[in-house]
Amino acid sequence: VSSTAASTSLSLRGVFPPIPTPFDRAGEVDERVLASNLARWDGYDLAGYVVLGSNGEAVYLSQAEKVRVLQVARAAIPAGKLLIAGTGCESTRQTIELTRQAAEIGADAALVVTPHFFTVTPEGLVRHYAAVADASPLPVIVYNVPKFTHLDLDAATIARIAAHPNVVGLKDSGGNITKLGDTVRQAGAGFQVLAGSAGFFFAALALGAVGGVLALANIAPQACIDIYRLFRAGEWARAAELQRLMIPVNAAVTARYGVAGLKAAMDMLGYRGGPVRSPLLDLGADDRQALREILAAGGLLGEETP
Amino acid sequence: VSSTAASTSLSLRGVFPPIPTPFDRAGEVDERVLASNLARWDGYDLAGYVVLGSNGEAVYLSQAEKVRVLQVARAAIPAGKLLIAGTGCESTRQTIELTRQAAEIGADAALVVTPHFFTVTPEGLVRHYAAVADASPLPVIVYNVPKFTHLDLDAATIARIAAHPNVVGLKDSGGNITKLGDTVRQAGAGFQVLAGSAGFFFAALALGAVGGVLALANIAPQACIDIYRLFRAGEWARAAELQRLMIPVNAAVTARYGVAGLKAAMDMLGYRGGPVRSPLLDLGADDRQALREILAAGGLLGEETP
Amino acid sequence: VSSTAASTSLSLRGVFPPIPTPFDRAGEVDERVLASNLARWDGYDLAGYVVLGSNGEAVYLSQAEKVRVLQVARAAIPAGKLLIAGTGCESTRQTIELTRQAAEIGADAALVVTPHFFTVTPEGLVRHYAAVADASPLPVIVYNVPKFTHLDLDAATIARIAAHPNVVGLKDSGGNITKLGDTVRQAGAGFQVLAGSAGFFFAALALGAVGGVLALANIAPQACIDIYRLFRAGEWARAAELQRLMIPVNAAVTARYGVAGLKAAMDMLGYRGGPVRSPLLDLGADDRQALREILAAGGLLGEETP
Amino acid sequence: VSSTAASTSLSLRGVFPPIPTPFDRAGEVDERVLASNLARWDGYDLAGYVVLGSNGEAVYLSQAEKVRVLQVARAAIPAGKLLIAGTGCESTRQTIELTRQAAEIGADAALVVTPHFFTVTPEGLVRHYAAVADASPLPVIVYNVPKFTHLDLDAATIARIAAHPNVVGLKDSGGNITKLGDTVRQAGAGFQVLAGSAGFFFAALALGAVGGVLALANIAPQACIDIYRLFRAGEWARAAELQRLMIPVNAAVTARYGVAGLKAAMDMLGYRGGPVRSPLLDLGADDRQALREILAAGGLLGEETP
């Protein structure tokens, strides 16, 4: 009962960076850097943060590390901004357990990636999300990221999952804008769709998304916020123009170089990205130089201060 | 020389239906019906027609049939509207031959699908299009349709192909809106990108496309034209609203039921679709009923008259 | 009636090279070279030849060229060896027409690749093959080559197709040996399965295949024949040993370099391969050198004489 | 030093079932049933067991559960049979930690699945396995299972990984028998390849594999052992005949019904499979009946007693 009440009042409007998890030279979670990055992002008008998402290298963290990262993030994130915790695991019971821990720590919502090791049927997925949503004290956001999971939820299955009152939204990183529009329609009013990549942020907003979880917002928060604000202000043409400008930058820090590229870009832009965990590899010197040129071409070097 | 001059002045702005090829009960091309359908479409403000595209079942036509269909279409299409002829074949020499025939018949441009039986390298594709564009009396439009070809041209390769002065544009049916935006940027001013499906028509326009080759325009030309006009008039929010309404209709006549669905819808809407060629199968009674309901929900039944 | 009688008596046992189509420097079919290559292969104990298969660049030939290639091949192939003609086209009617032409020319069987541009349903495929088999004066062999068609017939669908009395076999190039074994079982006695690549020739024979259509047999016919003979003689361990030796050679002339690699290898081994047709590209100097080394390592250079 | 010595003396010859993890009705690991299943399998001449593999639903177990399952298995497995522990995790450090725990518990080897959430480069994979092999007190077996990981190691990358002296073998579940033969050749003498599915067990042995990790061995151990023994005895034709008989049974308990089918089959054959963990679903009544008929057709019902 209370969970439903909570969920219906949670707005996912706006821009959310899915923040990386910083590691020190010994490979341990660097809590101080995590807090300092959050303090820096706090100068922007972001709606909140996704912690322990794909870009957070959540699959490389132990359960204890996940809990600790959420605690540090909770302490660093001010009350007016959301903490969305990535709590999806392969099994339903693991997911429920971590979601409950996130709730105790004070997260505002749970982002639950689709299970993907085994090929789960649509019926299995619907039951999985229903069980998680039943047990979760937090509103649940479905996370569809076919690039990593090799599973692409269709609009009809999403609509079935969305029928649960404690499932409040979807982060869709697939980039199929037609499906995104159809999902908005089929899932109905009140279900909040978030673009999962800055590459199609404007298009998603135009087709009914309410916001975005954008890796680009880690390094270019103002540009992402501007796209959102221009859109909300009805200045769609200007929003689209800014969108086009950001596509190559976003491609570099997501598709081309992945988390290592995002962290390297943070290092170049006043944040602290630091190393990735193995088996990912840090960027080599040539890739760093290429990345630097892309950031410069996108107007980001030396300019991004709140 | 003249071809370059011609190409730079050819505008691809607006909406183009990729028209089906009608067959009679004996399975032969029905020239009379082809002409009558064109006459009906001519009541709308379409920019022109794609003849012998995927929806034209071009892969099921003999060379002689292709020539005849182009001749009939040329006779039926008024001077102010473009005839874009699908002339892409697997080999460079076949493509050049058909393109020259299309030029003799009076087509305005050639739509050249990527060769796809063998896995051709990017270098091979660049040389293929350069050879075709060199030999073609018509401006060349690249046609990327990964659903059928299982080949998805990336933006960098498209930009290389676009460097030829007689390659004037791209029809992209892939639906990756991020890549479409990047293609517009990388290919540069003057290169005209066309959305290849109504599902992402508005998004494509917002990211720099100049028009669309839309199967939906065969059965709902006015809705497609309205999206385009509202966009051009700066009324983007209204355009996006209409876009969202058309997504389920478009999905039914393209992704779900394919050419057979498109032809069945035409039969329901005052055009004459008729049978598909084997190995495609005509829609069964249940699918026809489901399609009828989708058309009704989309507001198309009984209303689509010019 | 007569077609059934014919089909039940046609044996597909043994090794069949899918021969390339030679082109002269002007890009035209080189009939003289085609005949001379066949004369050279005729020194080996091959069961016959596949003409107009994938390696024959059939998709790059006009209808007139296809007919002419079959005529030349028919004249050059002695009575005791089979001429299997690739006659599969995208449409059922095109396939029937070419199959009938092949029969008139004197082919012994028709190899019919799955249609693949549109996604045809299993029911559509069953009807397609039934219609072709009904109309064909020649026994029909189904051709499954997912690498090129992006369609992989499953064992159950093959069994449905095989129920037609004039469908006598399958060439499976997919390489899923488990499925191949299951196909042999499901299709039942009398249905003849052919391995579609030398990489899994021995394994296929062990699981019930009767022979192979092997690109490798164009350049290493004796090795392929030896694998077959050793297998038939019960000397499986020696057959497997030879199989292992041929895997890298086969990989080079099929997976790595494709038709261009096969033709280049022919040029190195006393046959005449010559150029491929565009958009395929001939091998560059570096690739030719790498290929030469692979052939040398496989013991083929300077040794392959009948 | 000692790890290298150990690894070179570890033989992976023979048949290994990848055992399921039994759960009780409350969803907890059922240690008693785990031990009783192992006692029953111990009546067969199996070479050992894979514990915590894919079929062990390892991705659904907590770290504590994994440790406990290994402890129970270690106590139940007699000294003469190997305990191969699945210890692969997404990160290098997690994998090392679990591998060390497995060594302390007394496992004989570590089976390390490829990391797969992010797309790791070949270089990253080589470094990952080198780091694990450096740190592991146990010989390391690489585990390639593209059906679940959507990553298919190629022979060249496997050979690079195999160069480490503490990497002793590969379980390949991909089913590409050509690649398996090439892997045997490229990885060189001493590197032991295991078939990862009973569907291609015989073919893999013929191409140089030394044994198999076969889900089918959980329910039909004698048939799997017989294929192996007949092969080793040089009776390849009889081995292949038995192989063909087992393909449909194997398909049912792996490809068609997955872990739930394997557990249901165990329940039918005197073992105790029990329920799967969510989001997997137990078989419904219809599927159980179909499975029962497949087992009967394969001659397994009522006959499989040691």
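By letter and in written order, the chains are A, B, C and D; residue numbering begins at 1 in each of them.
Criterion: contacts are C-beta pairs under 8 Å (C-beta built on N, C-alpha and C of every residue); 3 or more make two chains touch, one makes a residue touch a chain.
These figures come from a predicted structure and were not determined experimentally.
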item	value
Chain B to chain D, fewest steps along touching chains	2
Taking each chain's C-alpha mean as its centre, the one farthest from chain D	B
Distance between chain centroids, defined by C-alpha means - chain B, chain C (Å)	36
In chain B, residues with contacts to at least two other chains	none
Contact footprint of chain D on chain A as seen in their complex	27, 54, 59-60, 62-63, 90-94, 115, 117-121, 123-125, 127-128, 131, 148, 150, 258-259, 277-281
Residues of chain C defined as touching chain D within the complex	175-178, 181-182, 184-185, 197, 199-200, 202-203, 206-208, 234, 236-237, 240, 243-244, 247-248, 250-251
